[in-house]
């Protein structure tokens, strides 16, 4: 977008109701209104255009963003760091290994102790069913209370960088990619997306990506087809969300145990491995009991179960079943690529290579989506602020 | 404070002699004059008010702060990071594991090599009696010399983030909490503080907190009562400091081996575990000799010794002995809470819960105290600079 | 330099052709023209003077620099962080342990995923012959392509923080130290530098320092004498570079197996240990085959081979052979100092102590050299930008 485009986007933004986002957290997309999601996409696009046009969007003269990663991460870690830097926040990582957190202190205490000057908290905690989101909520309530009590000068807002239920920074980036690919959110109506399981030689991959996708894409009037082998069910609560969303938006939410059926005439395919919800629940219980023998046994079972479905691979042949044989292939990366990163995996090397550039573009939206979430949680009148930034037009690079 | 309050505080600051703090380190509170401590409290309060009023106190356009933690830390690490960010400095952590420091280079060399653009150095080194402060002094002398020799463009000043002798960022934050709680430093005169040992199931906790408290609070005309079981003596040099301070300030410094006696009629209680000075000295020797068998034996002895004093717990019953039964309970956190973080600990869950909010507030002063120490070491005329910042009134958040 | 000196240096800079540095990487000094090297020295000196005069050279309002250290580092890590901070970039370290990189993703993918908002990438990868520079080139090509494809908003430029072939930030800092020590680049003509091997009780030290020195200092019309025991040859390609450089610049490149001969009448000596090129090649092969037994055997052999040359030590006696007995002693640090960091090493304690301050000054140029490399890769008209910065004269410290 050039300057005129940005001004138009800001005008569109000013028509969206975003009051409830102000000083609030971003947990699950289905907790947000259509206006709030639309505003997030708009702000992300505007911030991206500002950077492309060398206009600084630094809105914090100083300030901290606390990150807490309870699982390894490259993409999300760097996206969060990029988003914070773009707005003027410095990331301070809470490395639980280096801290005294292990000494048995409560979430409430840790949350307050690291947040004295924190404007934003980003948390990734996706490993255990029933734990990640619960932890985030407790953290958020703790700093909210800390602010009320006069301990914290500001209320730090929280961005869910992946929990056990949703992965909103991923699904929103994916959606913005699709929106821009198809030339507007209105063009998604009637399009078909296949969110399908795919084979991977590793086990225990989180459910938050497929859940995030069906929970969000069902809001755009699309046909959302969830496909997986029997036994790889996702959380029923999120299926219910997708069903309701589809109904309201004039779309359809369907389920199948046949990968080809899902690919049939699809405009978009998203083949990705995940663990069965029931197995993840079992694993959480075993960890709770410190039953390491049980965990080992479960791992073996799950890998064996996966191995029964090696045919769930996104191949050229399967791609040919999609709309005109050229559906948009998506993945949150890194993908398990057959013959490249593993013997047999989620996708053939040929398909992956064909879509490499769109895949990287898909990922490139994440920093802007995160920045937009932060922006909307910090400014009551986001459109006014963006207008002022555009008028100020400080060069990002001198 | 509002703008008028800040202006008054700045005026008060302008009457304090702070010349000797300029381009100097902050090691022990008893090396500082009353004016210098008063100035530190004033600057901390002003910086806090500026942040509350969305006024940026960023005084460094660029610049680095080096942190070196030789012991785990959450609170102090994040407080240091917050303080630096508030002033515009970026923290660069010297992680001795990741560096080549182990290759046998001298303190002088490391100090210079990491300080080319460092404005501030923060060090925590509290584990070994006779080592931490010695290390800090050597570091400071090295960078001072490096600046004289033209190696370093600036003289980095050092903030003691806890050594074997004092923990000034803790004791000063504690003091500022107490000052604000009682409505002014002058209101502390005649008040009684009980700095008492308390039982903990862990061993080898540093002495720097109790030493820091008796070395500082004895300057305010208070009755400072140090209580611990026999055998848990602190460093005699610091007791001597407390004795002299009390004499000069018109207060009293007393010692007892009876917890209840210390609590009797106290306005403030600070029950906290620490290791006996003599045992810490012995441990330092054993580490020096790499006598790991000896260390294990010593640990066992110390834990057994601790276990003789499980009755040194801050309970509701004990609290009822204090002034009107409602003394201010303090702790540097994390506390060993009976039935919460351990079976038997320093404080009952009931007492801890009652004082949770004041405890968090107590901790919340640390970033501002550290920022004030840095500020005073970098500006010859701190009052003038703060006045200019207030006149400039750049928004922290756009 | 004062303001007039800086203006003169900027004028000198404006006469240098630096177009090809714009949006380009800095890999090896011999890929750069004389003008480009001269410009780098000028910009480094100007940036240093600006800092000494409290003038901010912050040219990025926001922006990231990615660092990737595949070997431990103190000096280079802190120099890179300092350089980036000076210009306004925040360093984000790509810690391969904490990331998902191990999951088998390609260089191309990682490079793009961490570079969405990266202006600069700094990489140290010096361990394996034939690998480090290759990796850097692949990384650079990946982000170049990513920018063309619209994945990355900017083309991140790469700074080689040490590869298997060259160590340009070291050799350029060394050169700037020498230039300032002798009062100008023109005064180096005819001077003799002895780049000699020295004994160390450790093995496998990279070749990039001696290679960097002979590859760069041969451009100044100097006599460059490379000395090492038989069997400690460096890469023949780099010797060829030195030979050609010397020819073109009117200097000489000589080789000897006699340390004293190299020191004879030298103006500068640089005694430093390194591993034989052939052995490093062999080690790379063994690592490639995961032949850990072979690696252990090789280590033993190399240490035994080193031990045959304990007489290659820079002593007072040897220093007396140099020009008037007072050649400038150089080292990239940390040095193996006899009787200090090891029993027998590269240099006697006496020589090292005599030259401690010049050694620290030598190291102090690195942050500015790195900053200059970044500056020249980001601005088409570096002289104009520096002039504007000088006119702006924002205080670095308020």
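Every chain is named by a letter (A, B and C) in the order it is written, and numbering of its residues begins at 1.
One rule holds in what follows: a contact is a pair of C-beta atoms (placed from the backbone, for glycine too) under 8 Å apart; a residue touches a chain by one contact, two chains touch by 3 or more.
This is a predicted model, so every value here is computed, not measured.
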Chain contact graph: line, ring, star, complete or other?
-> complete
Fraction-based call for subunit B against subunit A, same above half, different below | different
Can you tell me the C-alpha superposition angle of subunit B onto subunit C, nearest 5°?
-> 120
Using mean CA coordinates as chain centres, what's the subunit A-subunit B distance in Å?
-> 41
Give me the residues of subunit B that touch two or more other chains.
-> 58, 90
Okay, in this complex, where on subunit C does subunit B touch?
-> 48, 51-52, 56-58, 69, 72-75, 77-79, 81-82, 85-88, 90-91, 333-334, 340-342, 357, 360-361, 363-364, 366-367, 394-398
Partner subunit A, residues of subunit C touching it in the complex | 58-64, 66, 90, 92, 94, 98-101, 103-106, 109-110, 112-114, 116-117, 119, 146, 149-153, 378, 385, 388-389
